[in-house]
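Quick heads-up: structures coming right below.
Okay, so subunit A shows up in both of these, paired with subunit B first and subunit C after.
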Partner chain A sequence: MTSVLLLRLAGPLQAWGSAARFARRTTENAPTKSGVLGLLAAAQGRERDADLSDLAALRFGVRIDQPGTRIRDFQTAHHADSGKSMPLSERFYLADAVFVAGVEGDASFIEALHTAVQAPAFLPYLGRRSCPPVEPFDLGVRPDTHLMQAFREEPWHASEWHRARTRSRRTLDVLLDSAHGEPPHLSLRDTPVSFDPRHRRYELRGITTTSVEPNSAPLPGTPPPHDPTTALRKS
Partner chain B sequence: MTRTILDIHVLQTVPPSNLNRDDTGQPKTATYGGVRRARVSSQAWKRATRRAFDELLDPSDLGVRSKKLADELADRITAAHPSIERTAAWGIAAETLQTATGSKIEVPRRKKKDAEDEAPETAPESSYLMFLSRRQLDGLAALAVEGTKGTDDLNALKAFLKAKENKARARALVDTRHSVDIALFGRMVADATDLNVEASTQVAHALSVHAVDNESDYYTAVDDKNTEAEKGAGMIGTVEFNSATLYRYAALDVDRLRDNLGVGLRDDESPDEPTRRAVEAFVEGFIASLPTGKINTFGNHTLPDAVIVKLRTKRPVSYVAAFEKPVAKHREEGGFLRASCERLAAYVPHLEEQYGLADAGSWVLRIGSDTAALAGLGTEMNSKDLIEAVGAAVTERLSSGAA
Partner chain C sequence: MYLTRFRVNAHRREARHLLASPHRLHGAVNGAFPEPPAADGTGPRILWRLDHNAHSDILLFIVSPSRPDLTHLVDQAGWPAATDAEGWQTYDYGDFLGALTTGSTWSFRLTANPVHSIRRKEGEPTKRTAHVTFRHQARWLLQRQEKNGFEILTKPAGRRLHIEGDEHQMIVRDHRPLQFPKLSRDKQLNVSITKVTYDGRLRVTDPDLLRGTLTSGLGKAKAYGCGLMTLAPIG
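The block that comes next holds the complex of A and B.
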C-alpha cells in the first residue's frame, strides 16, 4: 500500500515554468511535477546533478484550491557604468493562488521526504527563489492511501474571500499523472530526468484532468463563517 | 543536521512614491487576498541592499557585476606594470577572463559613427553581466602578469594558459574566495554552470499590507522665458505613484552562506568571522536600504517602523499570510501601521504554537506607540544593538558546532 505526502503551496506569488527559457519566463496554471520534485530534492539536500529516478517514479498530482491570477513582471537591469537601463526579462507569476500538491509512493520513502520537508537542507520556494511559501506548508503524510483519496479527504484550503465568492462551486480541478496505459488528456514536458544546469533534461508526462469534491469540514482553527450579507442575497 | 537560519520581517511605510516601476511607468502591483497591493520586486530590494554594502563593508569583501570586467582587470595589470599599454592590457585581461570563465570577451562592434569620428578604441566586454569578487580579480591579475612575465606579450600568455595546470589555476581563482555579495545573492555564469554559486538568501517581493490603487499626478511646468503673449505650460506630463505600508521579508541560510564564503580559504582561516560580517551587513543592509526609483521626485526616504528578526533551527517562516486579509485603515486616525502590528502580534504566537516553530533567538526593533503590540515578540533593541546581537548569536551557534 502506498502513502501520500501533501503540501499546501500558497503565497502571494508563485511561478511554475515548464518551457520557460531565455528572456520570457512563463508560468503554468498549476505547480509542475518538475517544480515540486525539485523542491523535495532540494529539501533532501540533493545537488543539482544528483540522480532523480526515485523521485521521478513517484505519482504526482495537484489540486487547484484557488486558481489565482497571472501577473507580468518586467525586469530591467542597469548598466554598471553608463547607468542605462537594459531590458532583461519578462517574468510571469501566479498571484494569490493556493494548491494542494501530493506525491504518492512507497511508505518509507514518503516518510523520508516528509522528514526532509520539515527541516529542508536548501530553503524551499514556490518555483522561483523570490516566492517563499506561507504556512501551513507541510500538510503531512496520509498513510495507506492514494492520491485521489487524499485529495477527496483533504479540506478545501482556499481563503475566506475566495470561498465567499465561489460558494456554489464545490468541485476542484485535479491534475494527475496518467495511469500506465491510460490515454492522457494533456501532456507536459516536466518529468525531470536531471536538474544538472549543464544539461537539464525533462521527459513528457501524461496528465489526466479530473475533479474532486473536497472534504467539507472546515479547516481546523478557522472560525465559523460570518457573512450577514448572505441573508440579503437570498431574498 | 542542526541548522542556522535567520528570517527578517519588516514593516515600512512609504509616502507617495514609485520605488519600482514597470515598463509603462506604473508602480508594480500584485493581487493578494483578492485585492490589489503595492509591490516592490525582490530584485529591486536586493540591488538596494547590495549598494548599501558599499558603506558597510570593506571593498575587498565585495564583488563587481559588470560586462566590463576586462577593463577592471586591465586596471590591475597596468597598476602592477605601468609599462604595459592600455590596449595590450585589455587583450591580456580578455584572454585571462576567457580562460577562467569560459565566456567570450570581445570588443563590442563599433557603431559606424564612432568609426568615422575616429572615437578611441573601447575595452572588450562580455555579452552579459559577470559577477566576480575583487579578490578574484586580484588573483586573475597576478596570474596574467605571471603568464606574460610582466611584459605585453599576448602569445606568451596564451601559451602559458594552454598548460593544463595554469588553466586549472585560472578556473580555481574564480571559483574560490567569493565576495560577501556573491555568497549572499549567488552568481550565474551562463557559459560555465559549474562556476555558479547558489544564493544563501531568499528575498520576497515586498507587498503592501492593504489594498492600493495607483494614482496619477498630472503636472505642468512653466517656461521661465514665456512672455505675456504665450500663456500656458511649457511642458505637461503625468507621474504614477502610490503610498503603502509594506511588509518585507527575507530569509538567510547561514550554513550555506558560510559554505559559500569558506570555499578556497586556507586551512588556518576560519569562515566564522567573515560569516558574522556578512550576516551583520545583510541584516543592516536589508533593513535600512531603499530602492532609489523616482526618489528625487518623491523624496520618500523612510526607515522601517518595525523589524522582527528570528534565529531558526529548522526552516524560515514568512508572516505574509497575516496580511492576506487586507488591513483596514484606523477608523479615527487613519493609517495602517497600528492595525498591522496588532495583526502580527496576534498572528505570530498563534502560528508558532500551532506548528511548533522553535526559535533560538528573537529580536524586535520598533518605533513609536503604534507598534507597541510587537513589544512581546522578542527582545527589544535599537538597530545597532540588534545587528550586533544577531551577529553574536550566529557566531556562537556556528562556533559551538551547531552547524
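The block that comes next holds the complex of A and C.
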C-alpha cells in the first residue's frame, strides 16, 4: 500500500508558474508539480542539480480548497547597490488561496519526506521566494491510502468567510496525475527533470480533473453539538 | 439534583418577551419551584442557561436541587398542544454526578460572565468590569480550572492554528453584551452584563470540586443565566 503526505498551501500570496519566461511571470490556478516537488527537494536539502527521478515518480495531486483571486504586480525594481533599474516585469500572484497538495508513494520514502518537511534544510515557499506559507503547513502522513481517498477525508481548509459565501456549492476541484494509459483532460509541462539553474528542464504531465465533496465541516457560526442529557438517559 | 431541558418556541410572543430579558426569565425559572432553595449562597442553587443552537432550536437547561414544574413556561413559551413531545424533560442528575471519576474526559459547555475587578487610578474603589477580548475571556476560565476540579485538554502541537493562544481544546463564542431593565420597588435600574459561551473538552482532576461547580455554578451573574456548566460524552 502507498502512503500520502498532505501539505496545506496557503498564504497571502502564492505564484505557481509553469510556462513563464522573461519579464512576464504568470501563475497557474493551482500549485504545479514542479513547485511542490521543488519545495520537498529543498526541504531535504538537495542541491539544484541533484537527481530528481525519485521525486518525479511520485503521484501528485492538488485540491482547490479556496481558489483565491489573481492579482497583477507591475514591478519596477532597482538594484539595491548600484541603483540601476532591473528589467520591468509583470508578475501574477494568487491572493488568499488555499490548496491541499498531496504526494503518494512508497511508505518509507513518504515518511522521509515528512521528516524533511518538519525540519526543512531550505525554507519552503509557495512558488516564489517572496511568498511564505502560513500555518498549519504540514498536514501529516496518511498511511495505507491513496491520493483520492486522502482528499475525500481531509476536512475543508477554506477560511470561514469563504465557506459562508459558498454555502450552496460545496464540491472542491481536484487535479491529479493521470493514471497510465488514461487519456488526460489537460496537460502541463511541469514534471521536473532538473532544477539546474543553468538549464531547467521539465516534462509534460497529463492531468485528470475531478471533484470531491469536502468532509462535512460545520458551517461558520454553528455551535458545536452539545447535549448534556445523553449521559443521563437510562438505556 | 435534577437537570431539566425545556425547548423554547421562539415564534411565540411571550417567548420573545422572556428571551429579551434575563431578568424576566430569572423570574420565570424561579416560579417553577414551589419551595425555592435557601438564598444564602452556601448550598446548591438553581442554575439555568439558554442554548441558542439554531434559529428555531433554543433550549433552556435548569440544574436544581428539587424537581421543577414548568407548566407555566410551556403555556407561555412552549408547545402546550403538541402530543408527541412532553413539555419538558427532567433527569436525575445525582447518579451521573456520583459516577464522575478522576481522569475521565468529557465535552463541556459553559455560559459565563467573565469579569475582573479593576481601578483606573490609584485610590479609586475597584469596579467589576467585563473581559472583552477573546484572549482575556479564555484566560478567565483557564485560571479557574484547578479550583473547580477539571483541566481543559490541550491540542497536539500540529493542530494549533497560532503559536500562542491556541493551546487548549476550547472555543469562546457567542459574546453577548446584554442590557436589560430591572424593575425595583421605587426606581428602574439597568443591568448590563457580558455573556460568553465556552465549548471544549476537559479532564476531571477532582470529582468533588467539579460536582460543586456543576451544581453551584462558576462565576458571577448566576441569576441571569450564567455559570451553568454541563458535560456530555465526547462523541
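Here is the rule we use: the second predicted complex is superposed on the first by the 206 of 235 C-alpha atoms of A that agree within 3 Å, B and C clash if a C-alpha of one lies under 4 Å from a C-alpha of the other, contacts with A are read in each partner's own complex, and residues count from 1 in each chain.
Throughout what follows, contacts are C-beta pairs under 8 Å (C-beta built on N, C-alpha and C of every residue); 3 or more make two chains touch, one makes a residue touch a chain.
Keep in mind it's a predicted model, so treat the numbers as computed, not measured.
In the overlay built on the shared chain, the residue A:184 is in contact with neither subunit B nor subunit C. With both complexes placed on chain A, subunit A has more residues touched by B than by the other of subunit B and subunit C. In the superposed pair of complexes, A:140 makes contact with subunit C only, with no contact to subunit B.
According to the touch criterion, the shared surface of subunit A, contacted by subunit B in one complex and subunit C in the other, consists of residues 135-136. Interface residues of subunit A facing subunit C in the complex, by the touch rule stated above, are 135-136, 138, 140, 222-233.
Touching subunit A in their complex are the following residues of subunit B: 1, 3, 5, 22-23, 28-34, 37, 41-43, 64-68, 129, 193-194, 196, 198-199, 202-205, 207, 249, 251, 253, 256, 314-318, 320-321, 324-325, 351, 354-355. Subunit A meets subunit B in the complex at residues 10-13, 68-69, 71-75, 77, 79-81, 87, 93, 95-96, 118-125, 129-136, 159-162, 165, 197-198, 221. By the touch criterion stated above, subunit C contacts subunit A in their complex at residues 3, 5, 51-54, 61, 89, 91-93, 96, 107-109, 158-163, 171, 173-174, 197, 199, 230-233, 235.
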